[in-house]
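These are the structures in question, set out in turn.
Two complexes follow with chain A in common, the first pairing it with chain B and the second with chain C.
== the complex of A and B ==
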């Protein structure tokens, strides 16, 4: 029972981190970045390839590398599409996503690359009769620290304030002096850092990485950002958390019928969106006045 | 040398040209009005000056420097601030956060907190609401916040796009009263308005824009001359320029 709850919380935290990464970029440039999955994948590849250097160095390389790739996406593709329609951006991000998947295939091969990252995370801790996995505790801790850190950055720093302003009205933010490239660059860097954290948790669970490593969680996290209310950062994190916990709980309760987990998940998603089309946290908390 | 000197400005959206001949000169500390019917291109004119709308042709000099190809975030740092039409405050942020955003466009980074305190003194209604969500303010308070937010960057020229929109007459009096005080402090102002009488009561000169052209310049005395006003505004009779 305790393990079920911890699993649900850690899944929730993991999906919350993924959804926040997507939500940050969506907020400032109305871009649904499908290539977020390939950021998660590069994080995992870097971890596995460099793990012999020791975990701290490996993690540093993965975080830095993922953030750099995120910035590279922005500079090489999205920056050139500033004035494009959201649909064009969407297609472009599809393109980046598929391009990177093929690139990973060329560099790392199409088959899964395996490696042991932090094997201690799969161990268990015993409390009398109940045992819980270390992995779920570490994931929950990591999610709390990162979500807390992001909250502080967004709510309490000047750059965070500028990101919030740009997310709600970029044109006006620029008129006040908010530098668009700086704000968008920051959003990409942070989404890269969050992707690397997700990569770390996922790769310790799975023990291997392949070119499509990040696709699944990205689609589900996207569902989370939509449920949370596109455009709201708390909404994204919360929506991702809701999707993650729901998947985890469905998995445990359905037992042998867990092949139906996603069926039930999407039934629930549709119900939520029918009841609250704007998402759980609607971006416009206050109606605008004339 | 004029603070702002715009000549032969053309601008539009995509292939649609909206502004055909925008020109204006503003001296330091001067208050200039712009009037004209709906869709005449007034907002486009201000937007092009502030860098928010792309100008395809013409010159825009501010403080002797050409700013036509600059982007809005750099233009505001030179001391040219625009309060856009419809207030455009950040409704999800607090009043104080809105004001802090205004600091982004300051040339000098020192004295930021002092600038906020000085500006908020001009708008006493904002003081009690400082930590409230800006979307909860009344329409008039939101307009005052939008002006206050532009002022904390300490602009040399403040451009306001229809500040009276949707406000009651008493609130309009408040807002225009503040404009007088801002001008007294040495800030030049451009005010776009639908209502000619309103802006001519505070502006020494008022330009009339119709169909993308600056068609006439009205002086304060002209406010008494209804026939001349109507002619300039609706384009009946000869252009006055």
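== the complex of A and C ==
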């Protein structure tokens, strides 16, 4: 029972982190970034390839590399699509996503690359007769720290204030002197850092990485961002958390029918979208004007 | 500028029926298909598969090109079409042996390819109608994500529910088309239907809602009704594409119509140009040709004394890059979103 709750919380935290990464970028430029999954994948690849250098070095390489790739995406593709509408951006990010998947296939091969990152995380801690995995505790801790850090950054720093301003009304923010390209660049960097954190947790759980490593969690986190309320950062984190915990709980309670978890999840998603097209925490900038 | 991909570049006058706009793409498809399939047996097989993809791209064009609503979910209806025609045409003996968990009445049914295609289209269109009733209230991003959710639900159900299909396995022994002419004829038929739907009164009205929703509503157009209608048509055509694919490959499984299929067909439409039948045709032919060329290189090519081999994955890489580049530099696709026209005949 405790393990079920902890699992739900750690899943929720993990998906919340992924959704916040997507939500940050969406907020400032209306881009639902499918290619976030490939940021997660490069983080995992870098961790596995460099793990022999020791965990701290490996983690810093992964974080830096992921942030750089995020910036590269912005400079090479999305910067050139500033005036395109959201659905065009969505298709473009789908293209970037497939491009990077194939690039990983060319560089690292189509087969999974395996490696042990932080094997102590798969161990268990016993409290009397209940056992809980260390991984879920670490994940919850990491999620709390990062979400707290992001909260501090967004609420208490100037750049965070600018990101918030740009999220709620991009044009007005620009007119008031917010430097748009810098804000968007910052959003991409932080989304890369969050992707690296997600990569760390996922790769310790699975012990291997392949070109499609990040696809699954991205689809779910993206859905979380959307139902949480596009354009609202709390909404994105909450939406991701909701999706993660829902999956974990559905998995526990559906028993043998857990193969249909996604069916129920996505039916719920459609219902939420129909009732509240702007998401649970809605933002006026997302609404269409007719 | 902001709306380039989904907005038509055509002047209102060009939406009148013009023979060259319809016959041009048809002639190109027929000639290319016969030419390619006469090269070798494997090219004929490829051509047949490409014609199924063309029908899928046309299904996307009917919806996205006319309404401007982005859908990632049409592959769900292709999946349904493929499964329906598989269940209706696979011999009873095979179903009893391989698909033992199948619902009894479904095991007993057996019919020819053509009646089964009709039923597959009807089922696809019906499901699209039901889905559309709900989803077509949404637009923009919410529509994109909701249609994506439809694909996920369809994949999850058809991948697991053994009462109505093979589950995670492949449904084998689907009867194949006898001749390439059959696929060509179906593709031509779909091109005619899609073109006529596009220039019909409702098609023009729907395009008006895409250009200016407020003005179109002032003219009395119900955006929702029009979108549901076109979503239904698109679902039916997508189901036909899935069924054609099943009769082409001789087998069908849920994963044939998942993210890869969605990406390929969407890329074809965007690269060719979403707002015209001609764009769909050009995109399909172009992407297939590039893919084929790269496939040859992946297998290794000897030029003089040097052997070139491209690693696996380069094909998808190039096509994805082409999609992104087109979106940046030529958002209306290589055809500019225009219908086919002969330069020396056009009066505009």
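Simple rule for what comes next: the second predicted complex is superposed on the first by the 277 of 290 C-alpha atoms of A that agree within 3 Å, B and C clash if a C-alpha of one lies under 4 Å from a C-alpha of the other, contacts with A are read in each partner's own complex, and residues count from 1 in each chain.
Following the convention adopted for this analysis, a contact is a pair of C-beta atoms (placed from the backbone, for glycine too) under 8 Å apart; a residue touches a chain by one contact, two chains touch by 3 or more.
On a predicted model such as this, the values are computed, not experimentally measured, just so you know.
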{"item": "When both partners are placed on the shared chain, which of chain B and chain C touches more of chain A", "value": "C"}
{"item": "First, second, both or neither for A:177, with chain B first and chain C second", "value": "first"}
{"item": "Which of chain B and chain C A:168 touches, first, second, both or neither", "value": "first"}
{"item": "A:158 touches, of chain B and chain C: first, second, both or neither?", "value": "first"}
{"item": "Which of chain B and chain C A:275 touches, first, second, both or neither", "value": "neither"}
{"item": "Chain B versus chain C as contact partner of A:1, first or second or both or neither", "value": "neither"}
{"item": "Residues of chain A at both interfaces, chain B in one complex, chain C in the other", "value": "286, 288, 290"}
{"item": "Residues of chain B touching chain A in the complex", "value": "50, 52, 71-73, 76-77, 81-82, 84, 88, 90-93, 97, 100-102, 104-106, 133, 135-136, 138-139, 142, 149-150, 153, 166"}
{"item": "Touching residues (chain side chain A, partner chain C) in the complex", "value": "32, 77, 80-81, 83-88, 90-92, 94-99, 101-103, 105-106, 110, 211, 215, 219, 222-223, 226, 230, 259-263, 266-267, 269-270, 273-274, 277-278, 286, 288, 290"}
{"item": "Partner chain A, residues of chain C touching it in the complex", "value": "1-6, 70, 134-135, 137-142, 144-146, 148-150, 152-153, 156-157, 160, 213-214, 217, 259, 263, 266-267, 270, 311-317, 319-321, 323-324, 327-328, 331"}
{"item": "Partner chain B, residues of chain A touching it in the complex", "value": "158, 161-162, 164-165, 168-169, 171-180, 283-290"}
